[in-house]
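Got a structure for you, written out below as structure tokens; questions coming shortly.
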Amino acid sequence: MTELTWLIPLLPLIGFLILGIGNKYLTKSVASTIACATILGSFLIVLSILFPLINGTLANTTISYFDWINTGSVHLSFSFLLDPLSITMMTIITGVGFLIHVYSAGYMSHDEGMTRYFAFLNLFVFSMLLLVMGSNYIVLFAGWEGVGFCSYMLIGFWYKNQNYNDAAKKAFIMNRIGDLGFLLGMLLIFQTFGSLDYATVFTTTSSIESNSSVIIAITLLLFVGAMGKSAQIPLYTWLPDAMAGPTPVSALIHAATMVTAGIYMVVRSNVLFSLAPFTLEFIQIIGLATALFAATIGLVQNDIKKVLAYSTVSQLGYMFFALGLGAYSTALFHVLTHAFFKALLFLCAGSVIHAMSGEQDIRNMGGLAKKLPITFYTFLIATLAISGIPPFAGFFSKDEILAHAFEHSPLLWGLGLAGALMTTFYMFRLLFLTFFGSFRGTEHQKNHLHESPLSMTIPLMVLAVLSTIGGFIGIPEVMGGGNWLKKFISPVLGGTAEVHTLSHETEWLLMGLSVGAVLLVIAIAYIIYVSKKTVPLTEGVETSVAQKTLYHKYYIDEIYDTIVVKPSYLLSNMLHQLVESKLIDGFVNGMGTAVNKTSAAIRFVQDGSISYYLFAMVVGIIMLLFFNTVI
Amino acid sequence: MNVLIIISILGIVAMVSEIFGLRKSIWYIVVATLTGAFIINLNDWDTARRYYDDMVFIDNYAIAFMGLLLFLAFVWFFLSKDQYESDQFNTSDHYAQIIFSLTGALVLVSYANLSMLFLGVEIMSIPLYILAGSRKKDLASNEAALKYFMMGAFATGFLLFGITLIYGVVGSFNLSQIQHHVSEVGNLPLMFYAGVVMIMIGLGFKVSAFPFHFWAPDVYEGAPVMISAFMATIVKAAAFGGFYRLFSVCYTDISGHWAGTLSIVIGTTILIGNTLAVYQVNMKRMLAYSGIAQAGYLLLTLLVLTNASANALIFYIASYAIATLCTFGGLYWVIKFRGNDALDSFKGLGKSNPILALAMTISMLSLAGIPPAVGFFAKFYLFTVLLEKGFMPLVLLSVLGSLISVYYYFKIIIKMYGTASDDTSTLYISIFNKAVLIIILVAILAIGIMPNFFLGIITQ
Amino acid sequence: MNQLTELFAPNLNNYIILCSILFTIGVVGVLIRKNIIIIFMSVELMLNAINLLLTAFSVHHGDSSGQVFVFFIMAVAAAEITVGLAILVMIYRNTGSVSIDSLRNLKW
Amino acid sequence: METALLIALPFVSGLLTLMFNDGKAKMVALLFSLCTLVNAIYLACNFCTCTVWHYELNMPWLTSLGINFSVGMDGISLMLVLLTTALVPLIILSSFQREITNAKSFYCLILLMEAALIGVFTARDAFLFYIFWELALIPIYFICLIWGGENKNKITFKFFLYTLAGSLLMLLAIILLYINNPARTFAIDQLYTVGASLDFGTQAFVFWSFFLAFAIKMPIFPFHTWQPDTYTTAPTQGTMLLSGIMLKMGIYGVIRWLYPMVPDAFSFYAHYAIILSVVGIIYASFIALKQNNLKTMIAYVSIAHVGLIAAGAFIGNLESLQGVVIQMFSHGINVVGLFFIVQIVFERTGTYDMSVLGGIRSKAPLFTTCFIMILLSSVALPLTGGFIGEFLLFVGIFKYHSIIAAVAGLTIILGAAYMLNAFQKVMLGEANTNTSDFKDLVLTEKLVLIPIIALIIWIGVYPQPFLNISEPAVKALIEVASKTSALNH
């Protein structure tokens, strides 16, 4: 069953190599076929492993291929781990990845760089698979960095536009800040446990005291890595900018898979994190803060992708919130459902943008529901899912998070709910502004409006189905479900059972409350944007300070620019012009100059006059005699 | 001893050769005789003998130095052949005087008596006073001769005064008796030490140590180029031979009394020589200062006075002299083609005459003490000998000096390879002269790589 | 009277002092005079001081080699001064001056 | 014997190159250097891990001073020899698109330098080591002086003098060790014992003398100011030699000649050296951020990278030393690639100024791919050559001191920043007048870049063969160091 495991990441890699090397010679259709085929192949192999794992006919397996770095105390093998956690992620990656590949075949068909696009998309899938399949931190790190690079290449896919390139660079560098934390965390793990293998690390934690400084340091450092990759405060600003890339990329990388790598990593390291309640609390705070913070920004954005981007940041915050509560499987559940509905949202947005010939501003849209029916309905499903309307996927996962929050404290529950309501509001705002009302774009755009081709709509429909039913794998007990996912994952969580202990009545009550509130918010949004036909104001028009601050994303980018980027350049200049040229090189050159100057000065001693020479000689003689005989 | 006689006779032959119409063949006679003398000299190896009532002592040290001097003279005659063929000078007169001077130099490295030291110095110097002024119409040459003469005579006075004071204490000019007196009798009066310093001054002048170095740059600049070459190499080598011989034989036991003074002289010589060379724009002057600095390194051996230091001295002086000779040889051609001896005449030489440029480069590397040229090994050996006796501060100073010296030696290299000349004509040097340069080059490199043979010379 | 003779008797120290003074006069002469001929004479004075001292030492030690050395010095000095005068003549022909400062072009 | 042959081969072939005319010289030089490479690979294939030292030759040279022509290879030497022999053909090949005046001398000097470099990496006698050390300097000086660019005279001279200053001090230290050696030889094994037995003051002198020589060569902050100018003005082949191979001399020196030589002083002073190295990483990285001259920027990048390697060398535990060895190898390949990229850009556009470049990516996809690969390796992305060494180095440094590792780790961020900055400025955006007729790679250029990329991937994916080569040697080295240190206490 597992003999073909190595092919799972290798197929996309082969795809990448074929597309990369044959870039010039392949036609677009061949290229897209190769790309999709390789991912499909991987997906099928993943399924062939998934089912035995579910059946229990296949136990957790580590497959070791070769020694990667093996020297001294470092024994790192290139090996894969197949367990419920990794297989879940692999399924998402290859499954959603395949759908997005198919979608891309339509979406990118007019782009001259399509082969290049698919090459990097394949490489991304390869890296992402490496990330989740690795059986030790170093393979994870390899994938971790690999996805960062692919993200860089794909955000800057339209490299002629320097703004996109800036966005790509920003993404990579911010990720790298996190990577440093992650690397240091890894080093500390290595230092502490003498290994980077999950198996070894997680089984030797007995000697570590809970909340000891080492484990807090390790987990915090790992979390810094997650912050970068999963766009948490304060390292989130790259993600909205990353929307510069093609929309399917945003769907795959910046919604469904890569950004959830941080969550995967924390879930994977749950043994360590559970030993550090302090860190968990910290994650809780960061997660919740991110969820709320990003949601408020999302309320006023006008770019369809930006709204989705902030929504993603916010949802990721939610997931970390769940992790901070110790609800690892819940977080993973949300990863799963989020992958479905957020990918769907992005793909729909892509379809809209496709139809609008590249227009992304929702102020210029409206009334698209009739022209783009499939897109509209799928978008609606996704919006319902993200808003947490039962029985759509988002409801179950979100509800579980809120339940865990309530168990901790009602305040957290309240804040969590507030986030969810904001999410609902901006999502419906988006929905209403885009698909309802009358068209606000140009005539040209209006004539051009069309539903997307099948290659794009089929993935939409598949994802819509998944967004609808995806939640059923985690139906909570209270609804009579067995929370199948939790059980499936539990071996990975090593018995740290995380069942919330709320009574069924409370649970029902909470659900009712949240659903009720959500419906209320939808109604409000409907009144504002459909009934009153409010359209966000164009830029430059005076608005309230609060709104302006939100619109400008709390000026975080500007603040970072002022406190990090500019001082760095200033320091660079100062070091170069002052320290380097004046101080160090000045000293070095000064020595040379000193010799030169001395030489120039004392050569006048040799003034050409014999009498003077003789005199100098005699003085010298007298001094020598004096020195020798007297002293 | 035979060598001394042969070379003296050769001088006379050279002087009268014109009368017998041998002018054309005198070069061949000289070269052949020098070769013969060299072989005869080597034949005496390991037969330490004293001659004429202990006036001359041909030991291995003397033989080594005499061999070196003969070899350098041999090379000199090759390098200067073109100059004398172009009839600027009266060949036989010049040759005679050079050979007389060489005789003096040979005496200076083989003496066993202070009177022979004095005679050696004088026999070596007087012809050079004349040679320095041999461009009779040239004011620079006149001035060089005057300066050399005036200061030489003055310094001779001090040398003699020193000898006299030593004689006053010991009652003999004989080196072994002086040595005996120093080691056995002891309790030396102040007069003796004053005499030692006076002799040090007189010889210090010959080797152009600070503060008696003033003549060197002016004289080198004014004198004809090959005469400067002779002064910078053979004369300096002989002076060091004499200097070291006297101090190693006689004054080893009282080194505490003069080593401090000498250290000061050495330190200042190295610093002043190197520093002053930096700003020079005239090649000959620069070489003069470089020679002063090198004299400082060479004087370091006098602080140690062991067999090893004698080896180091010979090796170093040989390496210095051969490289300097080669440099002057190259300079001669540059002056011939470009008309002046400014550093700027070397511009673009790398293109216009690669062989000449290569010769200059290797010589400069050797002088600067960079492997694989022989100069490096000489410096290395010198430092080893010194560090063994713990002269760390002086060695560090020498290293500093070496670094400064790289500055001016490399000026030439940079001029040759790094800058283009306005005059792009290719310079033609005959095959013979090219061959001479190449052979010297090979020697510089070969000895640098295989110095083994020369290191064991002095092993009494 | 006897004391006086003893005081002025030519003992070695007196010779040394006398010769040193003569030598110093020679040195000072070299240093302060500008005429090359007079400088030559001063150099001769230095050498003669040495000659005198050598002779005195020679007598003191009862060793004749010192006096032989004096002859060497005289011979060499003669040769040397010949060369010197020749150089001087050459310079005089070229510059018309016998001043030591007439030639100071080679410097720095 | 084989080692001596390996040194002699490029030396002789260098001289032979002079016999050919300028047109043929490059092919001849390439062939000769390939022969050397084949020879080195052959030796590597026959290299077993059963003993530490291989292919030894010990021939008396200057018997009266106890100097022997003693060469041999252990794993570390072999890695560097492989690096040298692999890079030289690439460097020669990289010059094929250039018009070089007096080409035969150029190639002759490159081959002579190769011989000297192999000598440095294999010498087992301190004197011999020093000779090769200096010999390596001379060809490169002339390469930079004769074929250099703007302001070359002053800059190359500064380079020469600076490095010479360091090596002269090293010479003194070697002499000091020698005269304290009762056996009066320069044999490295004996000097290890001698060095350890010295009193602390002398050890300190030896340490700092060696340190200066190596620090200047690498260069470590603040002894680096010769480097950016020299790299910029030197002909690209010279820069490749300097950065690809020559700076490894300094690092090699640290691990072979300094680390086991004076254990007391090393353990006492290494801390300062490490701090300097790490400061250098940050310092150079920051400066690289704002450089507009592509070549100068890469020069600073090199300082930053070398800082990390140097820190690892001074830490001297097994992981860091293994990291040093593999990173030396991969850095050499990388930096040669980077400078070749720079050269290609310069040849096509005539400028190093990044602010007037841009848009090359759309014109030259193959070139872009190569650039990206090399860039990835220099930002140490996993599965590229740069990562393995960097990771091992970090493991080693972290073992030594976590804060230092954290500070050194900033290079991960800064490295990404400056490399991507440069990439964006040079390659991305719209093509302008400078870059609008940028041609993609031609055959010889491909022949240079493909091996480089292949090696980058090989080291990144399967570095084990390389690690296996050097591991016994590194272990032996550490053993020597601990033994000599124990001897003294």
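Order of writing sets the chain letters: A, B, C and D. Residues in each chain are counted from 1.
Rule of thumb we're sticking to: a contact is a pair of C-beta atoms (placed from the backbone, for glycine too) under 8 Å apart; a residue touches a chain by one contact, two chains touch by 3 or more.
Note that the structure is a prediction, hence the values are computed from the model and not measured.
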Counting C-beta pairs in contact, does B-C beat A-B or the other way around?
-> B-C
Which chain is in the middle, if each chain's centre is the mean of its C-alpha atoms?
-> D
State, to the nearest whole Å, the distance from the C-alpha centre of chain B to the C-alpha centre of chain C.
-> 28
How far is the middle of chain A from the middle of chain B, if each middle is the mean of its Cα atoms, in Å?
-> 78
Centre-to-centre distance between chain D and chain C (centres being mean Cα positions), rounded to whole Å = 67
Rounded to the nearest Å, the gap between Cα centres of chain A and chain D is 37
Flagged in chain A as touching 2+ other chains are 592, 603, 606, 608, 610, 614
Within chain B, the set of residues that touch 2 or more other chains is 146-147, 150, 154, 217-218, 407
Enumerate the residues of chain C that touch no fewer than two other chains.
-> 27, 30, 100, 104-107
All touching chain pairs, where touch follows the definition stated at the start | A-B, A-C, A-D, B-C, B-D
Chain C partner, complex, touching residues on chain B are 115, 118-119, 122, 126, 129-130, 133, 136-137, 139-140, 142-147, 149-150, 153-154, 156-157, 160-161, 163-164, 167-168, 171-173, 191, 217-218, 221-222
Per the touch rule above, chain A residues touching chain B in the complex are 592, 595-596, 598-600, 602-603, 606, 608, 610, 613-614, 616-617, 619-621, 624-625, 627-629
Chain A partner contacts - residues on chain C that touch it in the complex = 27, 30-32, 34, 100-101, 104-108
For the complex, which residues does chain B have touching chain D?
-> 350, 365, 370-372, 376, 380-381, 383-384, 387-388, 395-396, 399, 402-403, 406-407, 410, 413-414, 417-419, 451-452, 455-456
Enumerate the contact residues on chain A facing chain C in the complex.
-> 603-604, 606-611, 614-615, 618
